[in-house]
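Got some structures for you, see below.
Heads up, the next two complexes both have subunit A, just with different partners, subunit B and then subunit C.
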Partner chain A sequence: MADFLIRVEGLRYVYGAGSEAPVEALKGVDLAVPRGEWLALIGHNGSGKSTLAKCLNALLLPTAGEVWVKGLNTRERAHWLTIRQTVGIVFQNPDNQFVASTVEEEVAFGPENLGLPPAVLRERVDEALEISGLTALRQANPHSLSAGQKGRLAIASILAMRPECLILDEATAFLDPLAREAVLELLGRLHQQGMTLIMVTHHMGEAALADRIVALAEGRIALEGDPRAFFADEAALRRLNLSAPAAVAVAAGLRERGVALPPILTERELVEALVNVKERLWAR
Partner chain B sequence: MGEVILSVRNLHHTYLQGTPLAREALRGAHLTVRRGEIAALVGESGAGKSTLLRFLNGLLTPTERGCVTILGQDTADPRTDLSALRRRVGLVFQEAHQQLLERFVGDDVAYGPRQLGLAREEVRSRVYEALRAVGLDPDLFVDRHTFSLSGGEMRRVALAGVLAMRPEVLLLDEATTGLDPQGRQEVHRLLRALREEQGVTIVLVSNDMEEVAALADTVTVLKEGQTVLEGAPSQVLTQPERLRALGLAEPPTVRLAWALKKAGFPLAGEPMRSEELVEAIWQGMKG
Partner chain C sequence: MAGYEGLRYASLGQYIPLDSPIHRADPRVKLVGAALLTIAVAIATTYSANLLLFVAIFALLKWARLRARDALLSVRPALAFILLLAAMQLLFYNGPEAQTKVLVAWGPLRISVASLRVVAVSLVRFVDLVFLTSLLLNTTTASALTYGLERLLAPLDALGLPGHELSMVGAIALRFIPILGEALETIVQAQASRGASLGGRSRWQFLQNARRMAALIVPLFVEAYRRAEEMTLAMQARCYRGGRGRTHLIRYRLNRGDYAALGASVLLFGGILVGQYIAHWP
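Showing the complex of A and B:
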């Protein structure tokens, strides 16, 4: 049996349960995340992605159903500390999570509370600043940073906790293109080192980097699969009103004009396929 | 071509000037926007985009070097009525949740029109119209608590609140960030309609080069507080090496086109949008 870091069964979540206008954000979600998987969670605004993410580290508790992290049920208060150390979340609005007056202290805040020895703490902070490209800004005030820098700081402060699973809730949304590439490269490295990644995103090019894509619609899982299978299901993508990464979209446009192409996911695959097609045409 | 309605010349700005926390945000920014245009403002994080946007509705005024003219009025001139200008130039902030002031969506969108002293019925019709424009069903949303909204819904409500003021100029600081692709398309359609039907001038800050390619008439690139490149998207976004040197990246379509050319595929022109690239590849195959 696969080693699942996270398991979700029949998860329902209702905001304002018992109030006049309850909103059912999750209507029965089953999901198992193997250790080391890179999972992309996509779906329209209000489809329940962020709610699901918050249920995965006990920030929200199920209205019905169960969530286990490393076999620990999130309903048990005694497990919360372990669960939150295991699963770290980087949010969309990093301002909400800054507590310190310098970048360095901000990154140190989490690991400091774990009671680590000073040398280990120093090493973790330095490493987290380095990989997130913030070393030069270590003395700056977090609130004086630009949006992109804040995004990277939010990731750095979670990384310093060395979680087993990192959840990014649209954490790249405010980054400029190069900062986004840097963060994605960082995620690639963390993935290679065996970290479990769950990335909530609207960016289909980003989702294509994952091992598996799960699309939520109206609080339920509407489509899932590895990126190749996922983006190949054009009918389902249309039905769910989801877009495709650039290379997939261009390939689809060419197929509509009758060009025979193999399955395409990445830009490199499209370039190779087209060069092949052209060479065959020239050979005639 | 319309007359110039926003003009920024050699603008400098330092936050917390004269304190140890002083930070130079703008050091020689230029911008020209003509009536009815959609102008994009791009640049790496920290380049000064959001700061420049705050000058365009008089939230900030030049205190050092530089000159800002909005709708023909110099914002540094003490005779200029800045609050009157702000009613004509609406700004949607990057952090939409910070723009929501009221408990209920309907009250929030009504906030501006009420400040204008409009009659109840007029306020109500503006609220309904603005919510519909941003793709939210007014009957479902007017009584929703603002804190129960998702991130994308908050952005739409913030935008609706500004639209309800019927501004001549709309300033958007990453207004589609965090919206799903469908929502983004809807906002694009809305912005084009505002421009076509009401002649609204739009300045948008964006990190999404596909969005800029799809929407903008002009692009201004900022780096370290200075304007370093200006032109039509077809000129600016098709220079991947130049863009990367400026801390930006080309749209995926342009990257694909370059990779194809490098691999020896005959591709004419500088396709920038997906449909254009499909067409160029098709032509290349036939040729």
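Showing the complex of A and C:
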């Protein structure tokens, strides 16, 4: 049990419980996230993935069922500080998250709330800025940054709290490809250093980077598995109306036309496989 | 639509990262100084007092490396209204000395030496206040502002006044100005692209303008609420629990320069009081 950073059991969440039109966003979700895992949460709008993300650090409390972070139940108010410090969440629109008027003070906001002494604050801020590559912009106004820099600042301001798990709630949704690349590169580095990542995303190419993919549909887990197994289940993908990443789809199309290919997940693997095919043809 | 474009570029209340002695000054000193000068501007009714204040405030603005033009541009939307008020004061002023030294009289309209002074003084005052606002807000970060206000309000904690929370609300409200400006721009464009006629006509057509504004304000309000909710979540996610147990990255300690600045503001304030009410400056 100790190896699971987050455990979710029978989680149900109802928006507007007791009102005339309650909406049940989660209808019984069981999930366990081991330390150091990179998990992708996918699903269509309204599938409950953002609600699930907010339940994982006590921003929302279960209507029924339980959520534990490091063995602490999110229902206990006394645990909130530890839970929110352990599991940080970055939302979609950075502009709506920024409280401060300089990059440095924005990063300091979280640790300041923890009541850390100024010397430690300085250390945390410098470290988070360094990791996210924003050191040179420390005095800039967050509002004047580029989209990619804003995305990295939103992540840095969580990193400064030294969380063990980072949740990204569609944090790359509005980024252009280059900015997205920079954010993903940062996430890759964090993951290598042992950070647990939970990425809520629409982008299948991003989901393919994860260790495990969990697809939600209508408030329930509809499909899960490591990316290879996940995207190999074409029937299930079709039923859930999800599309495979471009490389997977191209490989599937080639196989249909009789090209023998090994299992493919990423563009790099596809390129390697095609080069192999070409070399085999030349060798004949 | 020109009236709405460029709202996002307005420097109104936004921190401008520059390096100047004013930027570096303690936020508490800046707040007290700005308050003293604001009161001085409010009570200055004579030409000489206003000249003195204007020169002092303009010099401070230059010292902070801010541009007077930018400060004035941020209040451009209010300019027409201010000029209208000035014109009305010029023609209808009816103070105690308005009956003497009448320059032009035409029916109920009367321009006197007194009404000229009132208009000149209120225009200078308006510019002074705009510059003072810039001086305070363009040189002070949101966190410093929160910190300064919080500290100054601390004595009222005993009365149950939530000093930190009030300061935080104020600082975040300022942060939202450009964000809501952008949101408004998007709403205007969305409505214009669906054929709504916005702007273009004279800004003096108050009734039509008001009706058009209503169509913008309602969606803007909805948007503001949505964003505020997201900000609340983002703050909670970062363990925000109000002012209790919070620390600050930057530690402020009043240095000699801060005391000098405080002394200078008190001196200027006192000078205006003495000059106007005891020495009877012109």
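Keep this in mind: the second predicted complex is superposed on the first by the 276 of 284 C-alpha atoms of A that agree within 3 Å, B and C clash if a C-alpha of one lies under 4 Å from a C-alpha of the other, contacts with A are read in each partner's own complex, and residues count from 1 in each chain.
Here is the rule we go by: a contact is a pair of C-beta atoms (placed from the backbone, for glycine too) under 8 Å apart; a residue touches a chain by one contact, two chains touch by 3 or more.
The model shown is predicted, which means the values in this text are computed figures rather than measured ones.
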Given the alignment on subunit A, is it a clash or a fit between subunit B and subunit C? clash
Touch test for A:Leu270: subunit B only (first), subunit C only (second), both, or neither? first
Examine A:Glu206 and indicate which partner it touches, taking first as subunit B and second as subunit C; both and neither are also allowed. neither
In the overlay, answer first, second, both or neither for which of subunit B and subunit C A:Val259 touches. first
Would you mind checking which one, subunit B or subunit C, touches more residues on subunit A? B
Using the superposition on chain A described above, determine whether A:Val99 touches subunit B (first), subunit C (second), both, or neither. second
Based on the superposed arrangement, let me know which partner A:Glu37 touches: subunit B (first), subunit C (second), both, or neither? neither
Quick one: classify A:Ala247 as touching subunit B (first), subunit C (second), both or neither. first
For A:Gly110, is the partner it touches subunit B (first), subunit C (second), both, or none of the two (neither)? second
Between subunit B and subunit C, whom does A:Leu59 touch in the aligned arrangement: first, second, both, or neither? second
Between subunit B and subunit C, which residues of subunit A are contacted by each of them? 93, 95, 141
In the complex with subunit A, residue positions of subunit C that touch it: 14-17, 141-143, 171-172, 175, 178-179, 227, 230-231, 233-241, 245-251
Which of the residues in subunit A come into contact with subunit B in the complex? 15-16, 21, 23, 43-47, 50, 92-93, 95, 141, 144-149, 170, 173-181, 202, 204-205, 241-243, 245-247, 249-250, 253-254, 257, 259, 267-268, 270-272, 274-275, 277-278, 281
What residues on subunit A touch subunit C, complex-wise? 54, 57, 59, 81, 84-85, 88-89, 91, 93, 95-102, 104-105, 108-118, 121-122, 125, 139-141, 143, 157-158, 161
Of all residues in subunit B, which touch subunit A in the complex? 15, 21, 23, 43-47, 50, 94-95, 97, 143-145, 148, 150-153, 174, 177-184, 207, 209-210, 244, 247-249, 251-253, 255-256, 259-260, 263-266, 274-275, 277-278, 281-282, 284-285
